[in-house]
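We just call them A, B, C, D, E and F in the order they show up, numbering each chain from 1.
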Amino acid sequence: DFFNALDEVKPLFGVAEEELSSRIRGGIIHYSPLIDNILAEGQLCVTKIKQPVSENSNPLHSAILFGPRSSGKTALAAKIAIDSEFPFVKLLTAEDMVGFGDMQKVAHIDKIFRDAYKSPLSIVVIDSIELLVDWNPIGPRFSNPVLAALKVLIHKQPPKNRRLLILATTSKRTELQQLDIFEDFDDEIAVPNVNTQQELAHVLQSSGAFSEQDQQRTMYEIARYMADNRRTDVGVGIKKVLDSIEIARKDPDVAGSDDSQWNGLSYKARMQET
Amino acid sequence: DFFNALDEVKPLFGVAEEELSSRIRGGIIHYSPLIDNILAEGQLCVTKIKQPVSENSNPLHSAILFGPRSSGKTALAAKIAIDSEFPFVKLLTAEDMVGFGDMQKVAHIDKIFRDAYKSPLSIVVIDSIELLVDWNPIGPRFSNPVLAALKVLIHKQPPKNRRLLILATTSKRTELQQLDIFEDFDDEIAVPNVNTQQELAHVLQSSGAFSEQDQQRTMYEIARYMADNRRTDVGVGIKKVLDSIEIARKDPDVAGSDDSQWNGLSYKARMQET
Amino acid sequence: DFFNALDEVKPLFGVAEEELSSRIRGGIIHYSPLIDNILAEGQLCVTKIKQPVSENSNPLHSAILFGPRSSGKTALAAKIAIDSEFPFVKLLTAEDMVGFGDMQKVAHIDKIFRDAYKSPLSIVVIDSIELLVDWNPIGPRFSNPVLAALKVLIHKQPPKNRRLLILATTSKRTELQQLDIFEDFDDEIAVPNVNTQQELAHVLQSSGAFSEQDQQRTMYEIARYMADNRRTDVGVGIKKVLDSIEIARKDPDVAGSDDSQWNGLSYKARMQET
Amino acid sequence: DFFNALDEVKPLFGVAEEELSSRIRGGIIHYSPLIDNILAEGQLCVTKIKQPVSENSNPLHSAILFGPRSSGKTALAAKIAIDSEFPFVKLLTAEDMVGFGDMQKVAHIDKIFRDAYKSPLSIVVIDSIELLVDWNPIGPRFSNPVLAALKVLIHKQPPKNRRLLILATTSKRTELQQLDIFEDFDDEIAVPNVNTQQELAHVLQSSGAFSEQDQQRTMYEIARYMADNRRTDVGVGIKKVLDSIEIARKDPDVAGSDDSQWNGLSYKARMQET
Amino acid sequence: DFFNALDEVKPLFGVAEEELSSRIRGGIIHYSPLIDNILAEGQLCVTKIKQPVSENSNPLHSAILFGPRSSGKTALAAKIAIDSEFPFVKLLTAEDMVGFGDMQKVAHIDKIFRDAYKSPLSIVVIDSIELLVDWNPIGPRFSNPVLAALKVLIHKQPPKNRRLLILATTSKRTELQQLDIFEDFDDEIAVPNVNTQQELAHVLQSSGAFSEQDQQRTMYEIARYMADNRRTDVGVGIKKVLDSIEIARKDPDVAGSDDSQWNGLSYKARMQET
Amino acid sequence: DFFNALDEVKPLFGVAEEELSSRIRGGIIHYSPLIDNILAEGQLCVTKIKQPVSENSNPLHSAILFGPRSSGKTALAAKIAIDSEFPFVKLLTAEDMVGFGDMQKVAHIDKIFRDAYKSPLSIVVIDSIELLVDWNPIGPRFSNPVLAALKVLIHKQPPKNRRLLILATTSKRTELQQLDIFEDFDDEIAVPNVNTQQELAHVLQSSGAFSEQDQQRTMYEIARYMADNRRTDVGVGIKKVLDSIEIARKDPDVAGSDDSQWNGLSYKARMQET
């Protein structure tokens, strides 16, 4: 259930790990076998770096998790990184660089990679590349110095006896492809939305937010709404689903009442937005 | 009536609150049930942050009020913020950053968010995002560093035990969508114009500016004007309506006379402009 | 007549007033009722700020005078400002900012508004916005920082008990509309060219530059020229008309002779240019 | 003849005058009545500034000489300025600003105008505006700060009791029109090429470079060449004509020989280039 | 076999050589006669510089290796450089310039060439020109100062008695052609992918990663996959092939099992990507 | 023959002359009468400056040599400059400005012209204008400040009693025309490729690189290749021809063998590239 999912986030030492753990606040709910596949694929990347076949094995591997907004990319990358138990794991995020100029950003990024090169085994999680490069569809505009630095660092061989795994995330696959950086990664890992009603039910149940009865009514309403609108996919990111559950709990019409109308409407609204 | 509406602005302590209150100089006139809906929706956002369901609830929520120019977006956001009675409420406005360079602006914005992170419960009102980012349709041009900073800060998790509500306003929804920042908000709240003749009459009456007779004549003229021009919507922002009322009062042709012609024409002119 | 028109410029005290008066060097010739309308509309704006209806009245009003080159926009705005007898009147012009960088310009503009906020009643005349923002149709290019600052300042509420009227002028209405700043003004006041032969005759007479006979001959020639070219409008700005009168006086063919041919041709040339 | 033309450049005192005189190294050859018209029109501008009709006369006048490359624009503007015998005459040329940044250029230009404002009567010759603003057709690119400064200075009223005439030159009329600065001038003066064979003959004779016989042969060849190519215009700038005459003199085939073939061909080549 | 290939990388002295050697970590596998051709062509360039025909022979030669991503361009350029046994060999790579501004980059590049000019015989390997110039297809954007510096340096004659060979690599031939730098090289050397099944088998065998049996099964699966998809080319870069081999070894399904399914799928996936 | 051609480069004194001489390393081979024409035309320019007709002669002349890559433009300009025996000759080349910013470049260029103005007779060779202005076809991009400085300096009159000849070279005529600088030169001198088989034979022979027999075979192969491909022009620059000759000498297949196959192919390849 929901709290078991949370338990999967094991206590860790060090600031960087804490920062990573904070990205899995909502736990990892195994609502679909695809989630296990993603974690397994991540595990394989980790193993490749951890246990090289030979001295001449490539000491660098890079993978990018892509998928729609709120689909859980950062949480999954953080999970893979934490579970690796590498001595150096680090989150590279635009949040730490607000107010930096282009050159400061590049210096900060470069610093993180230099730190990584000091540890025999490292993981750098490059979160939301589109935000790192200040991507904007109008123009389009973006920070070419930051992008160019990332392109180079993704391919830069670590020094002797150092091995590095790079995990990146993005919700702008097409844009990164235009920017010609998507292909720079060795692996591409797709992260899906919550798509079927079954998956959604799994999440609702794990969250433990509703009584059995409320949950069934909610699912029924959603099913009807989807039928009416000839939609086959739920198509909402896990983060949005979890957020909606919380709002629903706050809604006076739901809590302590049988009328979950507003709640259902809210889901509909969110689905329409997508 | 008009002064009751004004009374809704309760006295508040602190500079930031005063700044917010000054945005509701014209009070909040409940000329349509939609106004109540908007305030309720804002209230729900406040509650979500104020009373988290669990320790792991998302401590961050963001909503954007959008609508035509002068429709009352800033006033409504200020009202929601003031009524929250959060210990930290702050207006982030371009007016405080005239003459700042891009990097200074980002630093100022970052500072406001850092201050917010110090309070257990905070609201930041980001007023007129299009002005903050120096949006200009020619080019189009805008400040990409400021925009990128906003994008990051809207999603940045507050530190432990800090909860933050972000309320933004804009009259350039389409432009913000192009800029790919509109979807970054969890909620979208539409703010309408004064649209029906009934709503307009409500506002006129609340303002107490005209005698019963003058008001009826004005409404009649407007109705005729609209019929002549096959217009069905009044379609004027509340701020413009209130301003026009004041100009009408100044007009010697109206004050103390039965001839409110100019006044009616003025409305027409304003409606045509829209 | 011409010198009566000049007399309308009353002596004023203070440097700012002198600068404004220097813009009415050619006086205000009432060659058309539209000129009176413009001045009346300006007067109404002044009254709105001078005598607020209530404590909560909007303490800010803005109007923009637009029209063809040389049509007298600056002179009319200066006239309205001078006649207001407000304690603070100030001309904001690109001429005072030659050699300034963008940020210096913004600082200068901001300073003028800050000064205005110190006086209970103020008028700021923003002359030729297109020049202030370095507008150039190729590109198009313009100073986005200056423009963005103006946009913000036009809407910025003065502090408590301060009231401000903003008068702007431009000969580039369409361009300002593209720049999305034209709609930011509460009022739009059109300033026309000298358009009819009657109006032109009025100006010629007011100027006192020609003998009765010369004037009639000139008017006759112009009428014939217009007929020949199937033009119905004179369509020349008042400033150009007054300049041409002066050149005509210098022309040896006119002064002391009956042959005003060159003079007439000059008008024609100027009309064709338009 | 040629040396009489040179004599027209009277000795002058002061550095600025010397710089201006150096622009008339080839004298002013009156090869066409249009040349006299241009000088007369310039003279009229000078008079307007020198002898104002009244106290309120416009103390500022501006004229722009435009025409094809090498047509003599700078020489004619220099001639008008020198002949004015104003106490302050100054050439504003890109040659004095090589290696200046935009802001330095603007400062230099501004300085020259400030100096001009110190003299009761001044002429500023703005040579080759397109070079001053670094115009380049690709992009197109140009220095918007310099252009914007010029636009402002062309209209800036001199202080009390100061009168200023601005003479500008350009071979890029269309481009300046696109840049929206051409219309800023009060007068536009067209400078033509040497266009007819008669004009060309006049120049050849004035130059005294050829014997009567050589000259006739040259003219005959040119006539035949033009007939063969169905050209009706010579269409070469006076500066190119004078340069070609000098090269022709150097050519061993011409000097001391009857065979001016190469010489004729050279003219043809130059005409084709145009 | 695979380790013989590795042996080809002879021990070398000096830091620069070590850096170059590290680019041949995977050895040079002679999987196709084209590889020998490339090395021979490189050898010819070396000889041209090493043994000039005469004193007046051109002391500068430049060649560019181009081909798809991961096809082995850098390794081959490094091999040619190392085998030259020139006293000065140097790798110029974007990796050493992360965080440099444009001007710093140019200074760094210039420094390397200046160092090269000090040695009688030198090779500069310019790796991945597209990364050096921060090429980005959107815009497109790139560092024009760096590009311009490279263009000049590629043609700059070394000082007297100094001879220089420039070897460059790129996977963006078309882009460099657009940038007008591709033609600046004297020689163009194409580097192919691993294209035929035979070549792939050669690489698999050289790697010694699989048992005879596993290898045959893998090849069989790939052949079937290609037949099914009507593909005739393998079309994968040597670096990707070697990387896939390593991942395959890590995969528990392959190691110690007969089921190499996942492994085969991985190849397919990689082929589809291309 | 080849060594006679080299002999034409006379020993000269001074650093600048040495730099210029180094550009004629391959001598000047008179493979076509056009080469003599070019040198004669250059000579005429020199004479015009050296022996002015009168005091008022234009003390400035400029010519530009244009033609395909490697066609010998720089060598020919250097030859003309050296043969002038002017006290000041200077090569202005991008090679001396690697790593300079735009303003440093302009300062350097300006310095060279200032130095030239100190000598009574000077030649400045502006080599490869397209490289000086960092021309790049994408965008297109170029250094407008450098270009603008060149435009001004090409027309700037030297001070009294100073005479200056400017020789420029470019392989980007069309681009310079777009940049509007090509027409700024008084003369345009076309430099051709080696175009006919006869010319090519002349060069081969002059080079003395092949035995009579090898040369005939090479020419025969080239003729056949051209016939097969219906090419009528050789169309290769003299520099490429001389380089190919050297490579051919190095090629083991040619040296000491009858099989010049590779050699011939190499020519073909080079021709195809063009």
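Heads up, the rule we're going with is that a contact is a pair of C-beta atoms (placed from the backbone, for glycine too) under 8 Å apart; a residue touches a chain by one contact, two chains touch by 3 or more.
In this text, all values refer to a predicted model and were calculated from it rather than measured experimentally.
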Which chains does chain A share as contact partners with chain E? none
Going only through chains that touch each other, what is the minimum step count from chain C to chain E? 3
Give me the set of chains touching chain B intersected with the set touching chain F. none
Could you pull out the chain whose C-alpha mean position is farthest off from that of chain D? A
Using mean Cα positions as chain centres, tell me which chain lies farthest from chain C. E
Centroid spacing, where centroids are CA-atom means, of chain B and chain E in whole angstrom: 59
Could you state the distance in Å from the CA-based centre of chain C to that of chain D? 34
By residue number and range, which residues of chain C touch two or more other chains? none
Among line, ring, star, complete and other, the chain touch graph is ring
When the ring is traversed from chain A toward chain E, the order is A, E, F, D, C, B
In the complex, chain B touches chain C at residues 6, 22, 25-27, 69, 94-95, 98-99, 101, 131, 134, 136-138, 141, 209, 242-243, 246-247, 249-251, 273
Residues of chain C touching chain B in their complex? 44, 47-48, 51-53, 56-58, 103, 106-107, 110, 140, 142, 144-145, 147-149, 151-153, 155-157, 178-180, 183, 186
